[in-house]
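Both complexes shown next keep chain A, but they swap its partner, so chain B is in the first and chain C is in the second.
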Partner chain A sequence: MYRYDQFDATFVRERTAQFSGQVARRLAGELTEEEFRPLRLKNGLYLQLHAYMLRVAIPYGELSSQQMRKLAYIARRYDKGYGHFTTRQNIQYNWPRLDDVPAILAHLAEVEMHAIQTSGNCIRNVTADHFAGIAADEVEDPRIWAEVIRQWSTLHPEFSYLPRKFKICLIASEHDRAAMRTHDIGLRIVRNAKGELGFAFYTGGGQGRTPIIGPLVKDFVAQEDLLSYLDATLRVYNMHGRRDNIYKARIKILVQALGAEEFTRQVDEEWLRIKDSVLKLPEAEVARIRRYFAPPDYEKLPVYVESFEDKKLSDPDFARWIRANTHDHKVDGYRIVSISLKPVGAAPGDITADQMDLVADLADTYSFGEIRATHRQNLILPHVRQQDLFEMWQKLQGVKLAEPNIDFVGDIIACPGLDYCNLANARSIPVAQRISRRFSDPKRQAEIGELRLNISGCINACGHHHVGHIGILGVDKKGEEFYQVTLGGSSAEDISLGKILGPAFSYDEITDAVEAVVDTYLDLRTGPAERFIDTYRRTGIDPFKEKVYGSLKERRSAAE
Partner chain B sequence: MANDRTVHQMVTAQWLLGGESIYWTGSAWSESFAEGKVYADQAAADAALAEADAFVKQRKIVGPYLIEVEMDATGPQPTSARERIRAAHNATFAIDHGSWSGRIAD
Partner chain C sequence: MAVLRNGVPQPNEWIRVADDQPLPENAKVIVSVERWRSEGERLRQLNGALGVFLKSDQSPLLIADDLHRLSLVALEFPKFTDGRAFSYARILRDRLGYKGEIRAVGQVLRDQYVFMLRCGIDTIEPPVEKRVEGYAEALREFSVFYQPTGDERATALQLRHQRKAVAA
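Moving on to the complex of A and B:
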């Protein structure tokens, strides 16, 4: 994993000292809230409904066991004993006190972490495929390039005051596990006909109030031109992005207004001017960064491990977990383990300090000390030997982290919503909890199969509702919480935006409505191999509409 | 706009240090919604809000604003989900605090 160089270490330390000074001046009355607000936001500190919230960056989702222990320490010492993993490979603390934040940042700096650029109109924490470096289907390890982008975008003076926030995501497989095309710039590492590595640019995607699937604007940018092409894209956006209207300020609106072709022409024009400047990536520098991502010391292991196969046969719960929560690793004898942060009835993405410590221990014992955070609010232990899986699974069970539900209906994405968030219309987490309890039987979940359910507490769409197979959006009706359901979204390589099912449901109706959607799917599907999304695409929304509102009507009249 | 009913209001804000929701009692700030002073006329509510500014300047509180409340037999009640949740000072579900046992010392 990447280690800070002198430059990184110095700027993080300096920024921590600077922010301590700003907090001190705020408390001494030298800064008003209006003056302080942009400064705290630059350091990931929000004021939410009940308390401050600190958002800590986990660049491209990669965490060491040592960093995880530090996150646990901070949760215990300065918060209420837990943290919340978000859809952007960040972790949030919900209860820090303002005067404790400088100390928290100092602790984070000790393990090469910070909260810089996790808020504000700048280039945010760069995200990547959480299977980076371990997926058999990737053409390159995207972390190397995510790190290049992290270094380029950190404190970039020209792009510190963009019209609006800016999110970049990288993948290197055909399979999109990172919702790549929902970002301001989605990058897919590809090979051209000559076998050279380069980047396909999908620019101008996004969610929020105007969801747009990022169009392919450039199918191949050579490695050495990555930064100049990014720079040129950001320059055109910085110049022409709508600063006059916050709802129209994202790059997606500019790309739509100009048309992808004209936008690309302008970027190319700028790029030709700067492509041979200092922005040309020196091979030696890429090689230096690449060395940090060298594979760990894998053992030569047999593909078939008898004890592992026996356990799967004798213990159906273990077998179910293996099927749902582990994936093929590119090295024989290892598997990728997903730790679901969605135990039945829990708050999606929440993890207690004790659980963090245990995950750190498991990473040390079984996975070369490596952990990943996923945009679906789960964790990954990237390299676990097959023969260790049973023992590890038992330990996960001991701390309620062995839910076998990855990509099932219980693996819900939910934003903090009205339980914490100042911008929310409605609660997300308790809705997720009710749905998760309704589908608590793991056998039933496995039978239903892949079904991605995403919940946002408002149109900002932090909970990715537009691209959930089932999306739920919290809306406000005269101060009360209602929920609009969309069907047919996807954030994977078959990306699509969900379509609104019909009138919104009340807090008490939404779980029944979701169950009716799922039951309708089970009735309609051609067989277990047809996923929810495929059935929906085959039948369209009408049969779902009919069934869901029909059953709701029945329930309402029965209640009267 | 219907003008035929009395609008009851309170002044709310957040502590600067911790961000907790607080309510103006007429003479001090309280974390208890029930202790908030209810203003039945707009001028009095506006005056109370203006008064809150002094506490902003003293760096005790941030972001004061007026909220509408409803009066029932037991006293004032919040009129939106948002204000109900703020008044309760917590998420509406049981948080699994894990090993948390208060803010531990260094």
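Moving on to the complex of A and C:
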């Protein structure tokens, strides 16, 4: 993985000192809360319902075991013994004290981490495919370019006071595992007809109250022009994005207002002026960064490992976990392991300090010390030998991290909701917990198959409800929490936005409603190979509507 | 009110003249874009130096053809969260090749100061009530810069590869 050189290390130290000064000025009353707010936000520090929240950046989701141990240490010493992985591959702490934050940042800096630009109206921490470097289907390792973007976007002098937040995501294969087109800029690394690598720009996607699938605005930008094209895009946005209405300030609104074609024309006009400037990316720098992402020292391993195959045959629980939670690695004999942070009845994405330490140990023992965080709020050990999987699975079971539910109905994305967030209209976590308990039987989950369920506690859509196969949106109706259900969303390469099923459900009804949706799917599907989303696309929403509201009516009259 | 150059307070030699006020002779005056447009001919005949004030929704492209006559362009920061003028400054320097003084006027925080200088702004004029201590210090907070912006500061990338070139 990328390691800081003297420049990166000095920079983070200086940034930490700067923020410590800003905190001191706030505590001394030299800065008003209004003035401090954008400064603390640019350093990931929010004020939530009950306390400050500190969001720590995990650039493109990549973590070392040493960094994970530091996150555990911070959770124990400065928080309540746990942390929460977010949908942007970051981790957040829900209970730090303002006067401890400088010390936390100093600890993070020791392991080359920080909280820079995890919030605020600036370019946020860049995300990428969590299978980067290990997926057989990629044309390039997106982490190299994510690191280029991380450096370019860090304290950008021109783009630190944008109309609104700005999120960039990178993938490098046909399969989209990172919800690329829901970002302000989604980048897909592609090869052109000449075999050269470059970037397809999908600009102006987003979720929130106006969900938009990012349109392809430029099908090929050469590698050396990446930064100039980003600069040109951001410059057009910075000057012309709306600043009069917070809900209309994202770049997606500008792209829609101008039309993708006119928007691209304006960006291109600016780009042609600057493309041959100092922004041209030197090959030597790309080569320098590329070296950090050289593959680890893989062993030459057999494809068929008898002990592993035997274990799968003799232990159905292990076999189920292998099927659900591991994926093919590009190197023979290795598998990619997903650690579900969605055990039955838990808050999605939460992890205790002890669990973090164990994951760090497992990474050292089995996965070259590497860990990834995913946008679905899970963790990954990227390279595990087949022969080690059984032993590792047993260790994961020991700390309740062996839930075999990746991409199943229990693998729920949920925002913090009204339990923590002052924007929320409704609770998300207890809804996720109830649904997870309802589908607690792993056999049943496996039988249902791939089903992505996403929950947001308000229209800001941090829980990605628009792009869940089943989406749940918390709304407030005269002081009572209600939940609107959408069906048919997807964040993958077959991206689509969900459609509203019908009237919202009460807190007590929502679990039944979800179960009725799932049962309807099981009745309708042509066979286990037809995923929920495929059935939905084949039948449309009507049969679901009929069944779900019908069964609800029965339950209601039975209750009376 | 003083202005800051390189973090140091200096007397303000420029006078901003409202659109309905008479123009002083032999002075350095800043006028609005509207006045510059309607009275440009007459303004050019005055002996003093001239500057134009751009509101945060006025792009420097509005005065692109007149820049050679202007000794100063003032950019408005109506709120410190309104960052449009950072791009305007870049456009003035990079696209339009403007060599005169660029001044930031309005709500500027010391935490934005280095960004302003990096974008090509020379002087800032904070509101009268604003404390101006700490601005010089703010310029010393960072020694590492990632983005090339056309100012004199070498970027981390340039230093990395220069060093290698020297070593090789």
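Keep in mind that, in the parts below, the second predicted complex is superposed on the first by the 560 of 560 C-alpha atoms of A that agree within 3 Å, B and C clash if a C-alpha of one lies under 4 Å from a C-alpha of the other, contacts with A are read in each partner's own complex, and residues count from 1 in each chain.
The definition used in the following text is that contacts are C-beta pairs under 8 Å (C-beta built on N, C-alpha and C of every residue); 3 or more make two chains touch, one makes a residue touch a chain.
This one's a predicted model, so the numbers in the text were calculated from it and none came from an experiment.
Student: After the match on chain A, would you call chain B and chain C a fit or a clash?
Tutor: Aligned on chain A, chain B and chain C fit with no clash.
Student: From the overlay on chain A, compute the angle at chain A's CA centre subtended by chain B and chain C, rounding to the nearest 10 degrees.
Tutor: Once the structures are overlaid on A, chain A sees chain B and chain C at 80 degrees.
Student: What is the contact status of A:R40 with respect to chain B (first) and chain C (second): first, second, both, or neither?
Tutor: Once the two structures are laid over each other on A, A:R40 reaches no partner at all.
Student: On the A-aligned overlay, A:H469 touches which partner chain: chain B = first, chain C = second, or both, or neither?
Tutor: After superposing on A, A:H469 lies clear of both chain B and chain C.
Student: Please indicate which partner A:A347 is in contact with in the superposed arrangement: first for chain B, second for chain C, both, or neither.
Tutor: The answer is first: A:A347 touches chain B but not chain C.
Student: In the superposed arrangement, which partner chain does A:Q433 touch: chain B (first), chain C (second), both, or neither?
Tutor: In the superposition, A:Q433 touches chain B alone.
Student: For A:T10, select first, second, both or neither according to whether it touches chain B, chain C, the two together, or no partner.
Tutor: So A:T10 only meets chain C here.
Student: Could you tell me if A:E480 is touching chain B, chain C, both of them or neither one (first, second, both, neither)?
Tutor: First partner only.
Student: Output check: A:Q18 vs chain B and chain C. Expected answer is one of first, second, both, neither. What do you get?
Tutor: second
Student: I'd like to know which partner A:N121 touches here: chain B for first, chain C for second, both or neither.
Tutor: In the superposition, A:N121 contacts chain C only.
Student: Minimum C-alpha distance between chain B and chain C after superposition, to be given in whole Å.
Tutor: Between chain B and chain C, the shortest C-alpha distance works out to 19 Å.
Student: Show me the residue ranges of chain C that touch chain A in the complex, using the header's touch definition.
Tutor: Residues 59, 80-84, 86-88, 90-91, 94-95, 109, 111-112, 114-116, 118-119, 131, 141-144, 146-150, 156-157, 159-161, 164 of chain C touch chain A in their complex.
Student: Could you list, by residue number, the parts of chain A that touch chain B in their complex?
Tutor: Spelled out, the residues of chain A in touch with chain B are 26-29, 33, 47-52, 75-78, 80-82, 97-99, 346-347, 350, 352-355, 418-420, 424, 426-427, 429-430, 433, 476, 479-481.
Student: Report the residues of chain B in contact with chain A in the complex, numbered from low to high.
Tutor: Those in contact with chain A are residues 14, 16-21, 56-59, 62-63, 79-83, 85-86, 89-93, 95-100, 103-104, 106.
Student: Touching residues of chain A toward chain C in the complex: what are they?
Tutor: Touch list, chain A to chain C: 5, 7-8, 10-11, 14-15, 17-18, 21-22, 30, 35, 38-39, 121, 151-152, 154-162, 235, 238-239, 243, 273-274, 277-279, 282, 284-285, 288.
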